[in-house]
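In what comes next, subunit A is part of two complexes: it sits with subunit B in the first one and with subunit C in the second one.
So, the complex of A and B:
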């Protein structure tokens, strides 16, 4: 199958994924939750409740509400926020940049630390460097991001004031959240790269590459790493999702203005339109990320045939 | 000529011998190194099971006259060995009972997710087809919807309960196994030894059991070990955000979140549950690492 055809199919699938996400959120928030109770003052009468239900269209049958919701969503209208002023999508869009910045910084920390450390650790197996790398990786893996964030705040923001404890002003305020967010993924990349490199360096084709006289650098980078990166690529999409999901808790720890913090606030306020808009944006970015990753590891490992979706 | 050949042989033999000896000592060293984290994990399990015996007090009991008391090694009294929190609850008792919550969650979520994810991943990778496609799209959906947001949404709508936390984590962690196992099977099924089995008339069931499963087993174990700390941390994160186990239950995540305001003048309130969480997650990783080296067949050939 042509690469382009495959891409189109996967794009359609991505849209379907987003539709399912929207539907799941609709079911959870509308079928199980009662958005109107969170909107009303404590002394509201039954008539008040009836009025607001009518106004929001919550009295219509679920299927009608769902149809209306999907129709609006197709036109880019995800409703107005219950608690803030303005369309939910605009409110979320305001926060996108904050989350993108944080996630990108986290990914830079994760890959920039994880892959090189993994390669070095695998090549110098059992050496002090290997132990150091694994120590860093194990600590990164073992430390919950919010706990790491709090420790960073404790040591670097309250004991010494090198970095601000919270907020988003300038590069310095990005450093601690990025480390807190990225270290877990860095540890995962490091472990996978290391175990992949160890496995691949024992294989026949590496022996062949060496036997035909390639220099060690080419053997490692072109033959070894390329192969060892397959599991890393596979997990990259998941890790990207984890980073975006992880940014939620990091945004709460560091009071970082992003989609995650907005959504946690909105969920606790039962502001469902904002929650839905936030989830659609997050789901879309993660599935697109997965799509790109999927396409890339098809290029790296030709054994996965194009037809095998 | 013959002398040099025999010297070469002798040198080679000596090299192999020293290498073998080094590898044995490496293995022995691993045993020694894995002992402390193994003990931590055993302690974690024992503390979790016998929480009521080890710390018989009520973890929710407040002592309003003994608020924010320092731990015994930092000038406190032995009445509260790890100090007290902002409402005078004994941190030792709460940390021990917090272990129980984490243990319950891990004991159910990790094996359950591994089993389910492996079955789905092998099926989707080997058979594929429309059902496999739909399953993998479903995995995409799950991965597209950050578990933590979904859990907070569900927790806010349903109310906090341990059962909901377990359910959410179970439903959400199996996808990692499914996706990785499928990717491995996709690659394996193009390999010669699998093609040969197919050509020789091996049944699907036989190939899955005898050729695919042993080849992905290593991956399953590695993911499971990666998942133990991840599940513990996920539970703590939910508690930290206030949508995990209910308020009256002492969990490490909730203890940490409640301690945030006392960061500067009562460090122990945050550090005790935090260190417990870190120690257990760290030990889980180290034990898993050791297990991985032990179970890796190629590594075993070397030894």
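So, the complex of A and C:
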């Protein structure tokens, strides 16, 4: 199969995933709340409620509402926010950059911490360094990110004032949320890299490389790590989704303006259009992220590329 | 029952330096005195030792018979001398003690005077920026549009209300409008305070006053299809009940005079329509720019702060309105602010808010859950203050409407006063207060203590108490020897304490035989559900902090109220409600209110629960003085003082 064909198929799959996610959210959101109650004052009459329901089309049968929603969505219209002024998609789009920054920073922490630690632990297997690295990995995987976030604020922002406690002003404000977000993934990357490196470093081609007289750095980085990173790349897509999902709570803890906080606010206010628009963007981000990882995976591993053809 | 002021009970008392100094001075004086004088047996021992010493210093004794009499005389003299010496010593010590205490007290008084002087004129930094953290900030800037009503900060900073309340007595005070001139039982004249200016320099007039009442009731002409009704989700009033729907007629007499005729005598009119629930906008500004602009782009009013900018996910900024019409001194709120710039930071997580104070990024937080401030109570770097929460008293309403006269074919149990009494006697409020709350709250009696006409001791002395055995007996007497099963409807996202308190309440009720099934709702569903009066069972509810009692009475007690789940036509409650609402004389109204509240309480009309408090936390160099009837919150933001370090 040609690479282009594969790309098209994956794009279609991505659109289907988004459609399924949004459809589920559409149904669930209408089952759990009535937005008109949060739009109207406490002393509004039943007639007032009926008027606003009629205006928002909430009295129509669910299937009619759904059809209208899909038709508008295909034209890029996800409706107006009930509580903020403007189209819901524009409101969400304004917050995309904040979440992208945070997720990217979390990914940098995860890879930047997880991969080198994994390599060192594998090369010094059984040593105190290996033991320490595994301990960090277990800690990272067992620690809830919101708790870690609060601890980071407590020690690094209030005790020593190295970083601000909240907000999104400048690079320093990104450090703590990125660590809180990325540490969990870093632990996963560390364990995968370590086990991959241990396997690879015992293979024949590594012995051959050493026998050829290559220096150890080249053996490790060019031959060993390159192969050990393949499983890391495999889970990168999954971790990307986890990072985006994790950013919701991190954005709340660190008062970081992003889609996550917007979604929570919107859910609390029964702001359907904004919730739906946010989910479309999140679902699209995760599936597209996975798509990119898959494509990259095929580029860096010739065996998979060949298998696909 | 304690009659002490709620806020005084709630205040967290700490040992001040002055108290410690005074105590140590007294202890020092006391110790000195004890050392010099001695006391009790030691004193006697001292005298005996002195006598022995004196005896030893005498020449050798003469033959017994010859020397017996002079020796006795000598001993008597010596004893007298010793007593005199001891007395002199005691007087000396007493003098020293008096001198020492006098000197120390003078020193303490000097220090107190200095401190009082400093307290009277604190070195407030008038150019400071005060930063406050809040958890949530809705996007809308329009103080009258539904959906924007939770943006209380902008409402209180940028805009003003018609009147305010006295910070100690909660009585109405002039603000944009003077106290009403009562013409007769149904005609009232409101005089606009002269000289009040909007932030754009235009004067506030009676035309603005009229426009605001029309806009709040959605009766403003331009809302009926005019050019500015351009909000995408339609403009809906947040305070419909405070508008011109209450008026039989109204008219602007001149630029400073607005006349209102009411359909019937209405004692609560001024307290309702002029309260902080309605913030006044500029007629010209709204008509010129439109609803959407006012709600999403720029806020302009007469308030103590001028709006600068806002981002619903980051925060908002204001700067002091130096032309504000009320002075800075005194306690009246709002007032000319004590600081120049005001910044609100949005921090959804309470612990992140507190971290902001610890890191010096935040100066004040209010409406915090009390448990999160507990570790900071004795930390000298912070000030922790307790006060009633925004829903200060909690209660449970029994649905006694005709719609549920029968439940599953049997009579509604709550129509029987014995069942209601049993429910009230089943709850150990003190245990809830000590175990789940801060320990400083009291039982609830219905209205909030800060409302106008709260009866105080007259009501509190009738406290129902806790008596589970009597509760069981009452249920049996009422025909429920095996108890009964009912639903307890609660709202889970309005105040976090509700689902926490619901569990012990459920257990207490079950212990006497009232088995409840807790039904949880989000607030977006709950309030509308309550108002249908169709579901049987009990509904958790709470008062607000608006000083005008009408908002609670009118909605919860009178039979036509929005949330009047518990109605008792067989009592005099409705008549008393109507009578107080027509009593234009404040004294007469207060007496009727007292009678109504007592009748309501004695009727076990609700399951009266407890007060609930909230906390405020300040940096050490920040003061936030408010009167006993006001809360640290949006309405008193202009009272914050940031001291020069």
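By our rule, the second predicted complex is superposed on the first by the 267 of 309 C-alpha atoms of A that agree within 3 Å, B and C clash if a C-alpha of one lies under 4 Å from a C-alpha of the other, contacts with A are read in each partner's own complex, and residues count from 1 in each chain.
Assume a contact is a pair of C-beta atoms (placed from the backbone, for glycine too) under 8 Å apart; a residue touches a chain by one contact, two chains touch by 3 or more.
All figures in this text were calculated on a predicted structure; none of them were measured in a lab.
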item	value
Simultaneous placement of subunit C and subunit B on subunit A, clash or fit	clash
First, second, both or neither for A:235, with subunit B first and subunit C second	first
Touching partner for A:261 - first (subunit B), second (subunit C), both, neither	second
Which of subunit B and subunit C A:144 touches, first, second, both or neither	first
Which of subunit B and subunit C A:217 touches, first, second, both or neither	neither
Touching partner for A:252 - first (subunit B), second (subunit C), both, neither	both
Subunit A: partner with more touched residues, subunit B or subunit C	B
Subunit B versus subunit C as contact partner of A:153, first or second or both or neither	both
Partner chain in contact with A:16 - subunit B first, subunit C second, else both or neither	first
First (subunit B), second (subunit C), both or neither touched by A:279	first
Which of subunit B and subunit C A:95 touches, first, second, both or neither	second
Selected from 26-34, 62-70, 116-124 or 188-196: the stretch of subunit B that, after superposition, runs into subunit C	62-70
On subunit A, the residue positions that both subunit B and subunit C contact, one per complex	32-33, 150, 153-154, 158, 252, 264, 268, 270
Complex interface listing, subunit A residues touching subunit C	32-35, 37-44, 48-49, 52, 55-56, 80, 82-86, 95, 150, 153-154, 157-158, 161, 164-168, 252-255, 257, 261-262, 264-265, 268-270
Complex contacts: residues of subunit C adjacent to subunit A	136, 138-140, 146-147, 149, 231-234, 236-241, 292, 295-296, 311-314, 345-349, 351-352, 355-356, 358-361, 493, 522-525, 527-528, 562
In the complex, subunit A residues that touch subunit B	13, 16-18, 20-21, 24-25, 28-29, 32-33, 126, 134, 138-139, 141-147, 150-151, 153-154, 158, 188, 191, 195, 198-199, 202, 230-231, 234-235, 237-238, 241, 244-246, 248-249, 252, 260, 263-264, 267-268, 270, 275, 278-279, 282-283, 286-287, 290, 297, 301, 303-305, 308-309
Touching residues (chain side subunit B, partner subunit A) in the complex	26, 128, 133, 137-138, 140-141, 143-150, 152-154, 156-158, 176, 179-180, 183, 186-187, 190-191, 222, 226, 229, 233, 236-237, 240-241, 256, 260, 263-264, 267, 270, 274, 277-278, 281-282, 284-286, 289, 292, 298-299
